[in-house]
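Take a look at the structures listed below.
The following pair of complexes shares a single chain, subunit A, combined with subunit B in the former and subunit C in the latter.
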Partner chain A sequence: MMPPANVEGGSLLPQDPDSPKDLLQNGAKEQVVPAPCDNTMASEGNVKGTNGTQQKAKPAKGSNDGKLSGKELKDKAKAEKAARRAQQKGGQPGQQGQPVVDLGPEMQKHSDLKGPSVTGATSAQKFQHKRTGSASGGFQKPIPFRPAQAHAAPFPEEPKRENKNVALFDHLYGNPRRTTLAGASKDVHPAVLALGLQMRNYVICGSSARCVATMLAFKRVIEAYVTPPQNSLPRHLTTHLSSQIEYLVSCRPLSISMGNAIRWLKVKISEVDVSTEESAAKTDLCNAIDNFITEKITVADQVIEKEGSIRYEMATKFKVIVVDSRPLFEGKNLARALADLGIEVQYSLTHGISHVIKDATKVFLGAHAMMSNGRLYSRVGTALVAMTAREADVPVIVCCESIKYTERVALDSFVHNEVAPPEELLIQGETSSPLLKWLDVPNLQLLNLMYDLTPAEYITMVIDESGYLPPSSVPFMQRLSVNS
Partner chain B sequence: MPSPTGVLAPSLTTFTRSVRSKGVSVESSIDNLVSLFKRRQIRDSRPCAVATAQLLRRVVETSKVTDISKLIERVRQIGQRLISAQPRELSIGNIVRRVLGVIREEVEEDREGETSGYSDAGTDSRPQTPKEQDSRTPEPSTLSSRSLTTSPLRHGEMDSILEEVGDERPQRPPLLTSHTSYAVTNTAPTVTSMFSLLSYPRSNIHSPTATPGSQSPSIHLSLSSQALANAGAVKDLKAEVVEGIHEILEELNQADDQIAGYALEHIHSNEVILTHTSSLTVQKFLLKAAAKRKFTVVHAEAYPNHHEATHADVIGRTKSESDDSLSSEVFQKTLTAAGITVVLIPDSAVFALMSRVNKVILDTHVVLVNGDIVAAAGAKALAKAAKLHSTPVVVLSGVYKLSPVYPFDPDALMEDGDPSKVITYEDGDFVDKIEIENPLFDYVPVELVSLYITNLGGHAPSYLHCIINDHYRAEDLDLDISDVYQ
Partner chain C sequence: MAVSSPNSMPTPPPEEPSTPSHRNDASPPFDIVSTYNHLLTTDPLLTHPIAAIESLISLLAASPAATISETLSLLSTATSTLKSSVTNPIAISAGTDLFQRYIISTLQQRSSQDARGKSRKHRAGGAEDFRAIRGHLLTNSRLFVQRAKEARGKIAAVARKFVRDGSTVLTCGRSRVVAAVLGAAADENVRFNVIYAEDSIPLSPHSTDVVGELRRKDVPVAVIPFAAMASALAKADFALVGAESVVENGGVINSVGTYQMGLLAKSKGRPFYVVAESHKFVRVFPLDGHDLPIKQRGLDFSTGSGDGGEHEEGRRKSVGEMDVDFTPPELITAIVTENGVQTPSAVSEELIKIWY
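Coming up: the complex of A and B.
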């Protein structure tokens, strides 16, 4: 499992054409210099500082503004700016095309590389930075090296249309997923802003990866956090995190593993002694997060890997059949990675499952979560694979870190699930597909379900970091992992 | 029949046109069809069946043979060529067998005319429903009623038919005995006069009420080649055979509508129906029910081989992409336009939704004699999921898709599709390193199917072989080049 925690993609963006003016302003306000700073850490420090001050400043300003509407407007505008700036900073992956995987040191390198190309910007931004730090609002000078643009791309007005929600899943639709950063709470840390978008666009995808990325982002949040006066860290940091989480949820519902990790983190925070010095507490928390990731995911994966692969070390020759599905085609990456390692790979889609199962001697499944009643909650289509394998008397083995165990139980794929935007079902790059008109066709609904539930009967064995267990033992292991 | 609009590539439409034009010789039509089959320019059960029937009609029309046995032999040979051109399209063989059956039947009827003393009741070699055994009401023999005679079983008569199964069986000689019985029964009387043929009322000949009990199979099913050779009324026989083939074509055209006629018997209000891939048969079926009832259709798209057609189905076709259809499917109303809620899902979501589905309705490529079906890839997993959820699986199939072939090697019926549909050329780099599997069909065993609906009505899986036996003559069962299936 690689943790593509893309939390500070800042380095990418100097050339980003979006809303330079706002960028300028925001950049000034929060002093997040998009790319060219040669010392990321320093600039980050700045961010933190200003974040804190901003929080205080804003409410005050709001109260000064007598009119409610005016205040609201301003707040909104501010939020939008903040959002856009963060977008600039965080590097919306869609625009840049490539997910950035960068942790601290890489980050440094990255910005070093980018540095020279944008030197021209530096001075201007530093200037901005100074200015807005003191006075928010007023100053609106366009950055010289970028075309001025008023408020960039207001989100498209939703035309009135028929309800396209599938009735059976109506309870799962909720709010449409956030597509822009507009409206995000100002408290949300840029790293989290970026992460939310990456999750939404499936740049960071997969239960473990999302969990790791979230924890890394929260680490940044904690690093940047300054306890407001008259508040204690254990009390206030939790609420501060809550707003981050709220934003993440608005991008894409949390994964079970993220939920578990967040619960753990909140407990950790609440355990912090009030008398501890803030910086020490923060360091402790960050270390705890690092340990958590290492212990629960990195090492767990290694152990699972070991447990699962003993057989293969002895018998060197084997072949992997990757069964993939629409619309995400996540299996392509796996197939590619395996093929690059020189393993013989066969690739098929869900429709070929009855054929490829004939050649299979074992089926390995990933998990989004294991329910307490032994059922496997995983990417839609998993149940079909498990069923087919079971019918063909092929053992089905689930590889799952214990962080993915949940005390929740489920009987069907309806009550708890995630419905992704149906537009994702449209075939990428196809312009002539008749499906493009689906919104105009009354009574037609597209359902893009994310997960399904595999009955426990189909699962022969679960491998987690503590060993092999039958699916019925999941609740015990779950209790153990919670208590430990 | 076919709309001549903008069909450039060779297809059923172009073939239909060429096979009818007088300028094209029969031989070249045969060659043409063989190559069309080989190149898969005509594919799927119905187009293949239609093309085969059209070709055989032309063959019979133009045949100058005076000897019926030679005609049979010729049709048989052509049939074998067509089958070997595309052995996976079993509907080709089905039609060839049906045509052979028509020829044999006509000959027999001829002889009946001469030897009416032999059997006063049965003129149809096929077993009929016992209900009507004793009430031989002569019917005016119009074309449509004759097309019914080819498939005389109607829904509702199943029970009585099932009782009859045991009785009918011995009437059909086993596969190989037909040849031996030729020699034995050479003494069968022969038709010598075409006058008596004409004088024989057709209403009797084609009455759907002929009785199986009155037949003596040793006589009816065992025309000796000599007897055939002696037949004098070849020319009129020819006209009747052409008529018979025409009826088969009619049946091909009407099958979907006839199947749709049973829709209301199977779909109740507020139902959730799951279907898979694009199929005109299923669409018509559901549309028919939609006229009276409200229900929900969950449509699995059958990516990557049929998703485009499926999308076109749910959205509504704009251009005439359904080239190989001889009906009005281009202008087919969509289910959504009929007020039915359609939920399009990727195939992978089938299992998740199955617990809320009331019925699964599947189209099929072919139905084999034991009830196994060959359907679009993904159907097997779907049917299995349905079975696990105790959801009934209904298979819609025209009689022309019922094949008397026993699947000794199901894998021989499978076919792989274009791998670039799974991995496009954008991923070219890793195409070199991996093996791509893109099956076109799934082999769905009979245990996973709850009910078959043909143009004759609904049938239990166990009853299917009776229908098949009704439609194919035992003599023609071994038509195939048998090594394909063994």
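Coming up: the complex of A and C.
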């Protein structure tokens, strides 16, 4: 009985401070430092879950007013989704009993605390029973789900589960990534709708690719845009874009390059003369976007390629070691592409870095962003590679378009980062992994960080479209590229 | 050292025509290389970049170029001729790049002014305009050279404050800026000692004799071989060196041994100051000492199979050839230029300002 109590402590602590003392103590034992964080952010999902049951209780009481109906629908959908998830979980033998035991007292407590009405409590119980039923049904015949949906919850919505957020990174979790188009604003252009899901599923991945795809999608948004009557394009188009951006953010947080490009686009829109004819203004903006992509990404990449390849003038024969990492394995494509070009390629994972670095004479890194203190913000594992290279006295060269420079300063990887759904760490198709049922295992948390920060001391040189720079000159170039 | 690395002084002065810059009568085109060498031999205070700039100015004055594009192409061919004439073109390119940027910006300014003037006054005759531009360019260029020459004094005024009473300075090489800084401190009656690490390359008549100059000013100087540097460092308060070129990441290219001094100073926690005029900043970004755009002999491996004399000869030669090294920016505490004391990372910003 002890483990369930512990589990309850984790999730209960944030939402009702009046909960029994033994639970509080359990919670306190579990998470020492970041308890205040728990209260503010982490339990969002849990709170929603609780509200859901309460609002479900209200109609049963018969004291409902029309105002709540929209919300209700949403809550209902959520509850159903939770039920499905429980069912899926229940599908694993030996575990199915647990949700019932867990949920019962929890619900009871909430109805005691919040609603004096007995009907509320019973309806919650009913809801519970339904879940139990479906869970046991799932036990008999597990219903297959698409993995993308199964991955939907980075942390559980059932109120009684342990908080699966890693406490140190609690502030980074935010809302779970959007998995469906449901609930997207009707203003969102189909191209943007598609783009959001593509980015969410890493079909479009990488800072530059996402930036280009976003700008192209926004071009289509602008093409399809009609200024509503009694509004002007420079004023209204920005808000129209904002709803597109909001949707994109709900799929995956924006990259630095996207942020820079969007800022640029908004300035461009605000500079449009109000008296300009709408079609002309739209054409101008589309052309500007095309030029932007050409100038900041396409040509910049060509220049960087040229500058980088100058380093190989003397030794034309070279070998490439691609160091890749889980879970995205983005290096596989690179390795294949290089091999197809006839270059000798060695493929390795990051844990082999201390061995393969002995064969390397130069380390080339890509960037998600360069911070204003010269630090490199890139895919998690980059800092390890750079540090190992520095230790081995191998020059570390970062290739980075100036669109990726940001005026932000970062000192560590904790404050700004992106937490991807932890389920991605599980190996797809594996049936017997000890991590498979990690959501049900107490004290087990998975952390899937996307980025890390490489100190400027590990970086020998940055190559951008204007030439070679030491990392310390990044803020200077950033200011130049913003002003120009 | 900036002046007198032997490899960039390939021709002894007597072989040179006495005044190559005035050979306007000669039908063959102006000889940029001999002008450059002549300038270096006649004026021992001249640095390589400034000698290169002065040669280009003389070229401009002697050339019959009548259009802007002709001038620019003339300059670029002369520059590449000049660079190919020496084994270490980095110092020259510091000067020629600077001059080229200067010319281009001046021409742009002038031509935009002229365009505005023309639209008002309908002046005819582009050739006359160009002559005016060229005259302006030449007078300003001489001013530019003048200022660059004054830079050393300014550096000495700033950097002598690093030399305090009772301190011991470790230095090496033949930098005139170092000599000027220490000389200025001696003139201020600062009592200090100097440890001078001497390389094996013999003093040429044009190189600065730092030791002699300082001893003449009653500064006590201890001359040590490079091999004794680590043990002598314990008695030094800081290291002070000049530079042949300062590269984009803030590292310096200087006579061989400077890197070694930087490494030792860093490991012993001694400040390592570089004194250099800002016209020595050059747009080169080496990743390490073997990444320099110089045809260096590098390491010359040989076995003992040849006869002893030849072997000895070969060894000495290879040391002389590998005559500069690269000190990375993380070893440098500060770079003192005529604009003040700067961190190595400021060099890149200065260069970007010139180029953009």
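One rule holds in what follows: the second predicted complex is superposed on the first by the 322 of 484 C-alpha atoms of A that agree within 3 Å, B and C clash if a C-alpha of one lies under 4 Å from a C-alpha of the other, contacts with A are read in each partner's own complex, and residues count from 1 in each chain.
Basically, contacts are C-beta pairs under 8 Å (C-beta built on N, C-alpha and C of every residue); 3 or more make two chains touch, one makes a residue touch a chain.
Just so you know, these numbers come straight off a predicted model, no measurement behind them.
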{"item": "Side-by-side fit of subunit B and subunit C on subunit A, or clash", "value": "fit"}
{"item": "Touched partner set for A:K437, first subunit B, second subunit C, both or neither", "value": "first"}
{"item": "Partner chain in contact with A:K332 - subunit B first, subunit C second, else both or neither", "value": "first"}
{"item": "Partner chain in contact with A:T460 - subunit B first, subunit C second, else both or neither", "value": "second"}
{"item": "Contacts of A:V415 with subunit B and subunit C, given as first, second, both or neither", "value": "neither"}
{"item": "Contacts of A:S472 with subunit B and subunit C, given as first, second, both or neither", "value": "second"}
{"item": "Which of subunit B and subunit C A:I353 touches, first, second, both or neither", "value": "first"}
{"item": "Partner chain(s) touched by A:V299 [first = subunit B, second = subunit C, both, neither]", "value": "neither"}
{"item": "Subunit B versus subunit C - smallest C-alpha distance in the overlay, whole Å", "value": "17"}
{"item": "Contact residues of subunit A, present in both the subunit B and the subunit C interface", "value": "none"}
{"item": "In the complex with subunit A, residue positions of subunit C that touch it", "value": "248-250, 283, 285, 287-288, 329-330, 345, 348-349, 352, 355-356"}
{"item": "Complex contact set, residues of subunit A against subunit C", "value": "311, 362, 395, 397, 457, 460-461, 466-470, 472-473, 476-477, 480"}
{"item": "For the subunit A and subunit B complex, residues of the former touching the latter", "value": "166-168, 321, 325-327, 332, 335-336, 339-340, 344-356, 379-381, 383-384, 387-388, 391, 412-414, 417, 425, 427, 433-435, 437-438, 441-449, 451-453"}
{"item": "Residues on subunit B engaged by subunit A in the complex (per definition of touch)", "value": "296, 302-305, 307-308, 311-312, 314-318, 334-337, 339-353, 355-356, 376-378, 380-381, 384-385, 388, 414, 422-423, 427, 430, 433-439, 442-443"}
